[in-house]
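Two complexes are shown next, each including subunit A; its partner changes from subunit B in the first to subunit C in the second.
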Partner chain A sequence: MNWLFDFPFIIRINTNAIDRAVRSFAADHAAFFDGIKAGLTNFVGAINWLLNHIPWFVLVVLVFFLGWKGHKRLRSGIAYSILLCIIGMLGLWGLMNLTLSIVLAGVTIALLLGLPVGVLLSGSDRANQAARPVLDMMQTMPVFVYLIPAVIFFGMGSASAVIATVIYAMVPVVRLTSLGIRQVDAEVVEAARSFGSTKSQMLFKVQVPQALPTIMAGINQTLMMAMSMVVTCSMIGARGLGNEVLIAVNRIEISRGFMAGSSVVILAILLDRLTQGWFSGRKNAGDEQQ
Partner chain B sequence: MMKKINRILGLLLALMLLAGSLAGCAPSQQAKTLTFADVGWDSILFHNAVAGTVAETVFGYQWSEVSGSTPITHEAVKKGEIDVHMEVWTDNLANYKDDIEAGALKEVSINFDDNAQGLYVPRYVIEGDAGRGIEPMAPNLKTVADLKDYASLFKDPEDSSKGIIYGGIAGWAITEIIHKKYLHYGLDANYNYMEPGTDAATSAVLVAAYDRGEPVVAYYWEPTWLLGKYDFVLLEDEPYDPELYFEGKTECPSVRVAVCTSNDFYEKDPEFVAFLSKYRTSSALTSQALAYIEDTGADYKTAARWFLKENRDMVETWLTTEQADKLYAAIE
Partner chain C sequence: MSEIIIETKNVSKLYGVRRDEAAELLRGGAEKSEVLKKTGVTTALYDVSLRIPRGKIFVIIGLSGSGKSTMVRCFNRLNRPTWGSIIFDGVDLLKLSNQELLEFRRRKVSMVFQSFGLMSHRNVLGNVAYGLEVSGMGREEREKRARESIALVGLEGWEDAMIGNLSGGMRQRVGLARALANDPEVLLMDEPFSALDPLVRNDMQFELLSIQRKLGKTVIFITHDIDEAFRLGDTVAIMRDGRLIQVDTPEGMSTNPADEYVRRFINSADKSKVLSVRNIMITPVSLIKPGDGIDHALRVMRKNELSSVYAVDGQMKLKGILTLADAMRAKRESLDLSEMIVKDIPSTSPDASVEEIIPLAAESSYPLAVLDNEGRLQGIVTKASVLSSLI
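After this line comes the complex of A and B, so read on.
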């Protein structure tokens, strides 16, 4: 009966040779990878330096203000600033800054790459179709598969963490930017064209503003996915809240893990609500202008 | 309405029958099953294969592995979800002693306790490697204390003013001790101490540095394929002292690597437990087997058979004569 259930033939792939090739590639181009690593590390370091030089109360007031203005409700502002204070009271403020600097660095790079790619893809159905499997792969390939190669290329630490975050988190902004632009009403595009708008005018004055809500949703999703990488990235040396969770899990310290884990949740909620509020606030302002 | 429910019930019944008949088609005799813990590193997979081969050929078990991290598999053995854990690194589990004392699981044997662990550097850092054109970078580096002179060599990529020591794996009991050692020798003045999140990350750092011929210093342990394959040197330390060790002042002792079973399994099959209680190898033997796997590309089961044949004298002390004959008849 085995022939019924066992697959009839198997290709033996020489995995050792592939491993050796990848590793010698990493070793031969060490200078190149070290350059990227230094750049990313400095970028994260700069953001962290900045965050560490913002007094805590300034950040709390900022969150309060953004929550209040963004959601047009005093309640939201108060709730958000209290949540932020909880992280501080748990003694995790410094770790939060570390986590935040890696997430922000990852999101910035993901947006710098993702937005233009999304715009380019929106122009052609064929490109869009070709990019789809690549995007699917970036999103579903188990992170661990490229986590360890990242360490071989970029060493342990924030550089590898940022790269893993960018790969994983870039996808939604590409997808939704492309989708948003393609969904802009054909008649609006037609009208703009008949007024003689150039390609760049069309893009920046018509298509992007029209697609803005969708693009913003993509940016928000990218931010959330970057947050979800926090604990995973700590496995390759990203310091911060994720590392705290990992240590607690490895030691079965339930309460410590719960505190750090809750802080990750709070941070994610704050980033989500504040960016959402800000986006919808801008949208409303735009509506009023019209 | 009634009709609809009947139809749904009928459909469910049919599905269940189908599933049942399919299950009946599958290998029919109810083999005894045995689960081993798979904590991911290769020596445990090898020991699982050795014990599994014995279980299969002598005791008629079908064996499988359940994977998880060190604390997760430990909890699973306590709950009886995993039957046998071939390599419990007792020093790496903060609650191991309490659990044994409380009777949450049974320690049946010491697999090996002659392994080394501590801070390692590649041999070329000290002696150079003429074949690869690497000059000795730290010819006088011998002990952990010497590290303080070489901070500029082991540069931290995130902080160029200091060196970096990759310490114990986050959460392992040894990690704190290595950290105390780092403080004890005053290495904190010019080194940062990093706790890698997983052992795979440390391995990747070491392999990448080795490929590039760069200096690196990290906590690692034997027996592992990595130290079997690459030439690393353990930095010397003060002679071991059980009390001073916990303050990080002496070299690390060997870890007792124990074979544990769940309480249920311990009760269920005393005969197999008797075999396990005699199961004892050594760090050197394990490294040898791992090197065999690395060299020949054999899988763990093949390596286990090779190992059982190579070390027949030792294996015969684990089993009764009758059992040993059965084993060797089956694997020849």
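After this line comes the complex of A and C, so read on.
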């Protein structure tokens, strides 16, 4: 009765051959991948250098002002700057800068790729449908799976971490950019066309500004997804707060884990609220013109 | 310059794959629905030939699905006809290159939309200046011309307002200002006032007429409202199921409708059919009860300068009418008031149409009593109010 309960048709996949092929591909094109790796590592390094050369109090004051002006409440500014100070007081300022530089590098690249892709997809129903399963896969594939090829091609370190972050975090900005542009009122688009707009005038003067709230929501989501990759990326040698969590897990050091984990949470909250506040602040400024 | 600014010849717009078969059927006079069933082709327009005179208001009227919106979008090539030609001032619109088409849209035509089509991220000035902006005009010049255009539609002082804060009527003024800003030769208006409430619509119609008379633009106006069509149109074209039925002046169309469909359409403009008695009845100034004394009845009539007064019981049920002459006689001969009340009087219900009660009102020597199902008096209709409702 085994044929009834065991699935009878099993394809024997030669996993070794696939692995070998990928490895030799990586080896054959090492120069290419090393080039990308060097570029990414330098990019992360540059951001980190910049963050390390901003005096801590400047960053605290900056967060205070962004929180205050963005949310129009003095209270928010004070709360956010205190939260930032907590990370510093836990002695994790330098690690925070490391984490932040990987996240910012990943988000920058994700936006540089994702925004144009989103715009392209908005223009064609067929492309949108074709892209859908790919986007679903990028988002639902267990993130650890990205780490394996990333390590093979780019080795351990921040370059692999950035690549994995980009793949995982790019999805929302692509989706929401495409959705936002599609949702622009058809009559507004028709009106713009009737006044003789070229395609690029239509895009930059009408569609993107009209879709901006949705696009901004996508950017915010991308930022949050990148933050959620912080600990995972530490498994392939990304240093920073995530690595601190990983060490704590390996050594079962509860307090160390909580300190680093809380810092990750604080950083995520700050990035989320400050970007949201910046956008809604802009919107309010628009309303006040009346 | 010729008198005709746009001429369309045999313009058709079909959606679907088996268009040639559909054309064959349509040539044989098949209906839109029949063609759709047999070939799966949707007929938006079939064989429309129009000559649109310069400097006049040309109204295209039809129900939804008649092809009127498709037609107007052919004039600025938002739609490209499947067959036929559109000659605009000697230029064949279907032969324009992409660049020429952009220039054509920027200089020669502009359009006003039913739901305004305004950009919420720009203020009034930014919206009005949009057409000039995409045509590459410098900021100072385009804002100057946008302000003139805004003044023309009576929106001075609102230049910096955001679109979200304007009422429907004001939004459509912005739409009109935007369309006028690039000084087009032809203004296309696709049911521009349908989304507005009736009072605002009247204002806007008046506004459009006065602007058109002032600037002498050619206006192609789409509507489904025959009143609006006759009020605005120098020429009216009526469409049905993608075909052109009749083109004429409003007077010509009223006196000489091409077929039964046009006649029904025009009759729908006849107000007496849509108004009901409820809309025109008035509340009686005064009432008496059968038990009231003669002196009281006479006092009521004298005070309100009436020649007759209605009598009702405690539940407002109509008992009849007492005329001044009868009341005088009752007083002279000391008769009882209740004997003098005329019981056989004309009455109607509040839901009757005005057209139904015209003969009744014409014959009766008293105002008509409006009664509900239980015979209670709701109001009265005088001859004067019937007449004034028809104007």
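We adopt the following convention: the second predicted complex is superposed on the first by the 281 of 290 C-alpha atoms of A that agree within 3 Å, B and C clash if a C-alpha of one lies under 4 Å from a C-alpha of the other, contacts with A are read in each partner's own complex, and residues count from 1 in each chain.
Assume a contact is a pair of C-beta atoms (placed from the backbone, for glycine too) under 8 Å apart; a residue touches a chain by one contact, two chains touch by 3 or more.
Quick caveat: nothing in here was measured; it's all calculated off a predicted structure.
Enquirer: Determine, for the superposed arrangement built on subunit A, whether subunit B and subunit C clash or fit.
Expert: fit
Enquirer: Where does A:N52 make contact in the superposed view: on subunit B (first), on subunit C (second), on both, or on neither?
Expert: neither
Enquirer: Could you look at A:A192 and tell me whether it touches subunit B, subunit C, both or neither (first, second, both, neither)?
Expert: Only subunit C; A:A192 stays clear of subunit B.
Enquirer: Decide which partner touches more residues of subunit A, taking subunit B and subunit C as the two options.
Expert: Counting contacted residues of subunit A, the larger count belongs to B.
Enquirer: In the overlaid three-chain picture, which partner chain does A:Q201 touch, first (subunit B) or second (subunit C), both, or neither?
Expert: second
Enquirer: Touch test for A:S124: subunit B only (first), subunit C only (second), both, or neither?
Expert: neither
Enquirer: Taking the superposition as given, does A:I148 touch the first partner, subunit B, the second, subunit C, both, or neither?
Expert: In the superposed model, A:I148 contacts subunit B only, not subunit C.
Enquirer: I'd like to know which partner A:L212 touches here: subunit B for first, subunit C for second, both or neither.
Expert: After superposing on A, A:L212 lies in contact with subunit C but is clear of subunit B.
Enquirer: Just to be sure I read the superposition right, which of the two partners does A:Q183 touch: subunit B = first, subunit C = second, or both, or neither?
Expert: A:Q183 contacts neither subunit B nor subunit C.
Enquirer: Looking at A:R251 after the superposition, I want to know if it touches subunit B, subunit C, both of them or none. Which is it: first, second, both, neither?
Expert: The answer is first: A:R251 touches subunit B but not subunit C.
Enquirer: To make sure I follow: the centres are taken over C-alpha atoms, the vertex is subunit A, the ends are subunit B and subunit C. What is that angle to the nearest 10 degrees?
Expert: 140
Enquirer: Closest pair of CA atoms, one in subunit B and one in subunit C, after superposing: how far apart in Å?
Expert: The answer for the closest subunit B-subunit C C-alpha pair is 43 Å.
Enquirer: What is the shared patch of subunit A, the residues that subunit B and subunit C both contact?
Expert: Comparing the two interfaces on subunit A, one with subunit B and one with subunit C, no residues are shared.
Enquirer: In the complex of these two chains, what residues of subunit A are touching subunit C?
Expert: Where subunit A meets subunit C, its residues are 185, 187-188, 190-198, 201, 205-206, 209-210, 212, 286-287, 289-290.
Enquirer: Can you name the residues of subunit A that touch subunit B in the complex?
Expert: 1, 16, 23-24, 26-27, 30, 34, 37-38, 41, 45, 148-149, 151-153, 155-159, 234-237, 243, 246-252
Enquirer: Can you check the complex and tell me which residues of subunit C touch subunit A?
Expert: On the subunit C side, the touching residues are 76, 78, 101-106, 109-111, 113-123, 130-131, 133-135, 160-162, 165, 178, 182, 188.
Enquirer: Along subunit B, where are the residues that touch subunit A in the complex?
Expert: Against subunit A, the touching part of subunit B is residues 25, 69-71, 75, 94-95, 157-158, 166, 169-172, 194-198, 200-202, 204-205, 207-208, 211-212, 214, 297.
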